[in-house]
Amino acid sequence: MSGHAGTAVDGRVVVRRSRRFELDVELDVEHGEILAVMGPSGAGKSTLLQALAGEVRLTGGEIAIGDQGVTRRHHADPRRRGVVLLGQKPLLFPHLDVRDNVGFGLRVRGTPRARSRAEADEWLWRMGLSGMGDHRPRELSGGQQQRVALARALATSPRLLLLDEPLTSLDVDTASDIRGLLHEQLAFTLTTTLLVTHDAFDAAALAHRMVVIEDGRVTQRGDVREVLARPATRFVAMSAGLNRLSGTAHDGAWTGESFGLPVRIASSEGGPRPADHTPIVAVFRPADARIARAEETTWTGAFHTARDEAEGEPAPGEWLARVARLEPAPGGARVHVTEPDLAVDIPSAQVAALGIAPGDPVRVSIAPEHVRLIPVVEPGPVPSSRADDSSSR
Amino acid sequence: MSGHAGTAVDGRVVVRRSRRFELDVELDVEHGEILAVMGPSGAGKSTLLQALAGEVRLTGGEIAIGDQGVTRRHHADPRRRGVVLLGQKPLLFPHLDVRDNVGFGLRVRGTPRARSRAEADEWLWRMGLSGMGDHRPRELSGGQQQRVALARALATSPRLLLLDEPLTSLDVDTASDIRGLLHEQLAFTLTTTLLVTHDAFDAAALAHRMVVIEDGRVTQRGDVREVLARPATRFVAMSAGLNRLSGTAHDGAWTGESFGLPVRIASSEGGPRPADHTPIVAVFRPADARIARAEETTWTGAFHTARDEAEGEPAPGEWLARVARLEPAPGGARVHVTEPDLAVDIPSAQVAALGIAPGDPVRVSIAPEHVRLIPVVEPGPVPSSRADDSSSR
Amino acid sequence: MTKGENMAMSRDAPARSVFPRLILIPAVLALLFLLLPLAALVARVEWTSLWADIAAPDAVSALVLSVTTAAIATAVCAVVGIPLAIAIARAPRVLAAVLRVVVTIPLVLPPMVGGVALLFLYGGSSPVGIWLDSAGLALPFTTAAVVVAQIFVALPFLVIAVEGSVRTAGTDYERTAVALGASRWTTLRRITLPLAADGIVAGVILCFARAIGEFGATALFAGNAPGVTQTMPLAIYTAFNGSGVDQGSAVALALLLLVTVLVVLLVVRGWRPGRIR
Amino acid sequence: MTKGENMAMSRDAPARSVFPRLILIPAVLALLFLLLPLAALVARVEWTSLWADIAAPDAVSALVLSVTTAAIATAVCAVVGIPLAIAIARAPRVLAAVLRVVVTIPLVLPPMVGGVALLFLYGGSSPVGIWLDSAGLALPFTTAAVVVAQIFVALPFLVIAVEGSVRTAGTDYERTAVALGASRWTTLRRITLPLAADGIVAGVILCFARAIGEFGATALFAGNAPGVTQTMPLAIYTAFNGSGVDQGSAVALALLLLVTVLVVLLVVRGWRPGRIR
Amino acid sequence: AQAGAAGGGLRIAAAASLQGAFDELVAEFEVAHPDILVAPVVYDGSSTLATQIAEGAPVDVAAFADEPTMARISDDAEEPRIFATNSLVVAVPEGRSEVASLDDLADPGLDVVLCAPEVPCGAAAQTALEAEGLRIDAASLEQNVSAVATKVAESIADAGLVYRTDVLATEGIVAVEDPRLDDIVNSYPIAATAGAASADDAEAFIDFVLSDPGQQTLAKWGFGTP
């Protein structure tokens, strides 16, 4: 694995943290690129960033950051590499006031005191914290600390910026402002950035490409919107806010089962027709699915009716399901149904009219224009490096 | 203000934190109720919870928690009040392993060691952390620590539970599981809970009522869905993911201005017709608005055309706007336009077809069936207690 | 890889330390400065007579007395000193500063003056002494006096070391424990003390070292009666100062004291308060 | 409300302390135990001759010598001891434990033995002493010897106090600083030292107090020449030991020493390293 | 000498410089008086012992190195008797020959250590030097005579004034005899304390010290007879 021109980060990071967890990820980030990193809690995202920042040692692999190599033995100085990590904890210097925290990186690079203070104040203003410069970090709220830490990281103009959930614990309004600021700043300074986030919206708004890490391994990577639109795993689908149903291709449509009865979902999307009998997944938004009361109010009754119907040709894109859970949502409710497991969003107006409760039979339908069918590629576009299998759970 | 039967928390909390910030909030929470607390970063949400937990002293007001009163001088023992705060930092005991952390509350209540360990393991399992019991907190990822802290708080079966952003730094998938668990647990144990969150979805899914705090004052309160549907402030609208345009009622419709040209937005929603010339707001979802290229491609040209059209009767629910910013989003893009400021979501397919850039003129439209008109009530349904005005920014 | 190894690995993995390597020069200087005199001492040991010197009954009884009294004094210091340290750590800013200075004062007294002060307080000519005497608890010139003298000189060390770490540990975890339903005592036992463990160990070590090395106050307040109040430092002093005694035996005794303390310290270092529950 | 008040308010607002109130009993006992002997000492002061005793030229020169040498010794200890403390705090677990014990050892030596050890090392019959002598740097009987003796006995206190707080402060902030581009020296100066400020102040205080109270090693190693090596503790001892001389003057001198140190400590307490940048 | 425990036996407190001699004396005394139990002797500086006795230390017999110190406990003791004398000698490191007589000490190129004038050996030295009209700029005024002896033995000092007994007891130093010093004697008093548990035993011991066998033993350790 050799770095080519224009590559900022290139190589393979292996970190064994414990008997049950090992991170093993290949990375290839271009100069000025923003790479989103998503993954479930405990998947190894922070470990990856810490390894790149030199905070934990590699136990294997080899990674080139700029023109410097880091291996298990050789351990370059992050300062000389120009790598700045904003970790999950803000770690603001408790003995310095907020202004000096933000100005720290400038000061240690020799910027005169007055100028670094002025720049720090400018950053605070951009973060919506003007006038807070004299406060100690402990006198700030959680979200304010988060913003100060972000300002401190950005103010140093690093060559490689590692952001570990920078917008977490911010409200929607503030997060939107900071997201805009971050977008501008990173685009303007062409800073190579790895951005860990749990929010697909952040990833889409800020990053160019994305890697998904699950249990220490990359499960999907590629263009952000592409990944979110064609989720390879349940986790990605959830993150993108999509239902993802596994089934088999048949006649160019998705087929599966619901309580033993066949279900067929068609798609009006163009593209290559999936080969029959190959595994595919159907993907659609919870808001696009429709739900209606079954004609029979008892589950057994409804099931019998459905079974009788199924004798004939079942209506495509419609099937009998059972309500598992009702979750109120801002504009209505989210209904979780089985089988197959999926979510349906219904607007407030419909909630009362529908009058359903867990256990009730319902008819779920999805129109072909909202469905995307994706062939399952296993192990997918992910460069495989799963030599060591003992470490997976 | 006297507590009545069934009231768990009742009174007024005043905490001055600094010259520029004072919290002054009236609260009234029923037994077993779950109250969501939302507000911008630095609004005082954590301060409110800390005051209720006895971690900061009141500087004024008086609050009854159960049958105990807390005032500036009198400071009841949170232990005897059965109040448990899960703060923004997990604060897991660093010298105890994860299992002992979760079991701590049980142990100190005299539960035998074996049983408390078993219960702790059960909690860890429910949190998706089985097998992690022997780890030290510092060996966990951020989200894992968050979940352990939540388990520790829930395991004590408190009378009043104060949760400060319990689901932050969790991925969507894990958050959904934990949200479900929290919902069941709180409903089952009928625990009175204050839940600080930045996520309207969490609030809607878990809470019955909601208070919105901005800059230390309550700006809106009421049923969660009601508040989110009828946002009284820009912040609430943003949190609920809605556009909120201020204007004046005229002929039962909303009227405002766009670059000096009149704009009219009608609503097909029933309800009392707003009196003419009173201030009202129009509320709708970014996904429901439509956007189209203006006939002219230059801003000046488009503006002239629009001005000429406006001489006649302007088309209701449609006006000329200017693109401010384009933000990629998972399923497409979010277009921010001025004037008035609002966001429009467009699906991926349309993004390329539309081909717009910041500065371009566009025609924005919104169908009456998606619009809700809300009279502006000032100071609104919020019990006013703004005696001290010097403390607001 | 076994689980034990793995836990050890993750705990021992050295946090990358970033101090300038140049500071190792003064650090080594400091170490040499402390160690060279000890080496010079050891170089003077007369190995031929060493065994006879340290096996002498008086030497053995002095050593036993020293270890016993220092252990008792350390225990007493821990029992009263840790509470004092916590009280100072949690006192309001100004009061804490004053208390800290007050606690430091006895350090300054040349130990002999400390002995005089103790004699003035508990001796036959003071009201306290008379009262103790009438209660049959006369202190001076008893083994108890040795312990009292040791406590007086060693207590400040324990208090200052423990106070620092209790203050650094802060109150966040304590308040969390209380909120989870722990009583104050439970919080003290399960949270405050374990979190201050490093400081407590350091304090206990300093305290024990100072107590077992105590000479001046003991000499005055407790006297130098072999078997009763003659601790190692007094035995060394007597061997060194008395005429007609070989100074070689003073060096031998000093060596014996050093080795004993070395062993005790290494054992203590392996111990952490709060580990046993 | 002015801004200053407000900052003070938020900083001083006492974190609710949750320790059991009962521990105030042993805490007060500990405090009394330390203070009563001092009170007994003060009670014996002969106020009529006090002024004459403390204004005597020898007393004044001894006091000046004590404060000067103790200050120099403390400065040297800080310069070499803080690096040693940092090195220990950041050393691997086992090495750190060994170094900590090694540093503690000199504490154990009765100071007089320490003096003998120093004599053995730097005296005329040792290679080091001969070498120093030929370089014209003979130590014994010089004021420098006083400082050396004080450093030897006081250094361990500083190292142990500072080491604890450097370790507690951890390396998180240091690594953050390095990642933000700070050099190792800058990190040391701007992060490590200020974060360990509490421990450094405590260490400096302990070190100064021990140095100014040092008697045994000084007496042996440096001697007792008025104006050159006669520090306060030696003056006190001489006054005390003198046959037929009034012990009142020993008490008076002790009081003078105490008050001086009290003043110095209160001044130091107001100082924090790293505040001035 | 079986009385290790507190309370048993005759309690003797003696100046540190008497240690070798008294250890031997006590052994002989126990042979002569098998009925009298003697507790281990407490040795320390005379001044320390005096302070302790004034504060009620349990002592039956006190033997000090000088009379003024004994005078400090006159309220607490019987009439003292002089049982030994000690005279000063010039001590030099073994194998060095710069110093041949007392007068050589005035050489400013030499490091000379003396006892502090406040303590008995220093007072004696001062008397001797004044009598000879010698002015010595001492490198150090030591707290006790052992410190002087040690400094000379370690070659830190070139010469010092110590007691004859110390030269015998300290390795590495030799005495330079000077007859002018023989007159400068220090008298050692011994007394039973007022609170002695057994006045008879105390008297018996004092008598033994003053007896011929006692004096012979003291002479063996370098002490003179009064």
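Chains: A, B, C, D and E, in written order; residue numbering restarts at 1 for each.
The definition used in the following text is that a contact is a pair of C-beta atoms (placed from the backbone, for glycine too) under 8 Å apart; a residue touches a chain by one contact, two chains touch by 3 or more.
All values derive from a computational prediction rather than experimental measurement.
*Asks:* How short can a chain-to-chain path be from chain C to chain E, counted in steps between touching chains?
*Replies:* 1
*Asks:* Chain A-chain B contact: same residues or different, taking over half shared as same?
*Replies:* same
*Asks:* Please report how many Å separate the Cα centroid of chain C from that of chain D, as a whole number.
*Replies:* Chain C and chain D have C-alpha centres separated by 16 Å.
*Asks:* Averaged over CA atoms, how far is the centre of chain D from the centre of chain E? Could you give it in whole Å?
*Replies:* A distance of 36 Å separates the two centres.
*Asks:* Roughly how far is chain A from chain B, centre to centre by C-alpha average, rounded to an integer in Å?
*Replies:* Chain centroid spacing, chain A to chain B, equals 22 Å.
*Asks:* CA centre of chain B versus CA centre of chain D: separation in Å?
*Replies:* Using C-alpha averages as centres, the distance is 56 Å.
*Asks:* For chain A, jot down the residues that touch at least 2 other chains.
*Replies:* Touching at least two other chains: 17-18, 55, 89, 139.
*Asks:* Give me the residue numbers in chain E that touch at least two other chains, ranges are fine.
*Replies:* 45, 48, 51, 144, 150 - these are the residues of chain E that touch more than one other chain.
*Asks:* Which residues does chain D have that touch at least 2 chains other than itself?
*Replies:* Touching at least two other chains: 3, 10, 16, 116, 120, 175, 177-178, 183, 237, 240, 247.
*Asks:* Provide the residue numbers of chain E that touch chain C in the complex, in ascending order.
*Replies:* Interface residues on chain E, with respect to chain C: 4-6, 11, 16-21, 23, 39-40, 42-45, 48, 51-52, 54-58, 144, 146, 150, 163, 165-166, 168-171, 221.
*Asks:* So in the complex, the part of chain A that touches chain B is made up of which residues?
*Replies:* 17-18, 20, 38-43, 45-47, 88-89, 131, 135, 139-144, 146-147, 164-165, 168-176, 179-180, 183, 198, 200-201, 203-205, 224-225, 228-229, 234-235, 238-241, 285, 325, 327-331, 334, 348
*Asks:* Please output the residues of chain B touching chain C within their complex, sorted ascending.
*Replies:* Contacts found on chain B: 53, 55, 77-79, 82-85, 87, 89, 91, 93-95, 104-105, 108-109, 134, 136, 139, 152-153, 156.
*Asks:* Looking at the complex, which residues from chain C come into contact with chain E?
*Replies:* Per the stated touch rule, the residues are 58, 61, 116, 119, 123-125, 129, 138, 140-143, 219-220, 223-228, 230, 238, 240-247.
*Asks:* In their complex, what parts of chain C are in touch with chain D?
*Replies:* For chain C paired with chain D, touching residues are 12, 14-21, 23-27, 29-31, 33-41, 43-44, 79-81, 83-84, 86-87, 90, 92-93, 97, 99-114, 116-118, 120-121, 126, 128, 151-152, 155-157, 159-161, 163-165, 167-171, 174-175, 177-178, 183-185, 187-188, 192, 198-199, 202, 205-206, 209-210, 212-216, 232-233, 236-237, 240, 250-251, 254, 257-258, 261-262, 265-266, 269.
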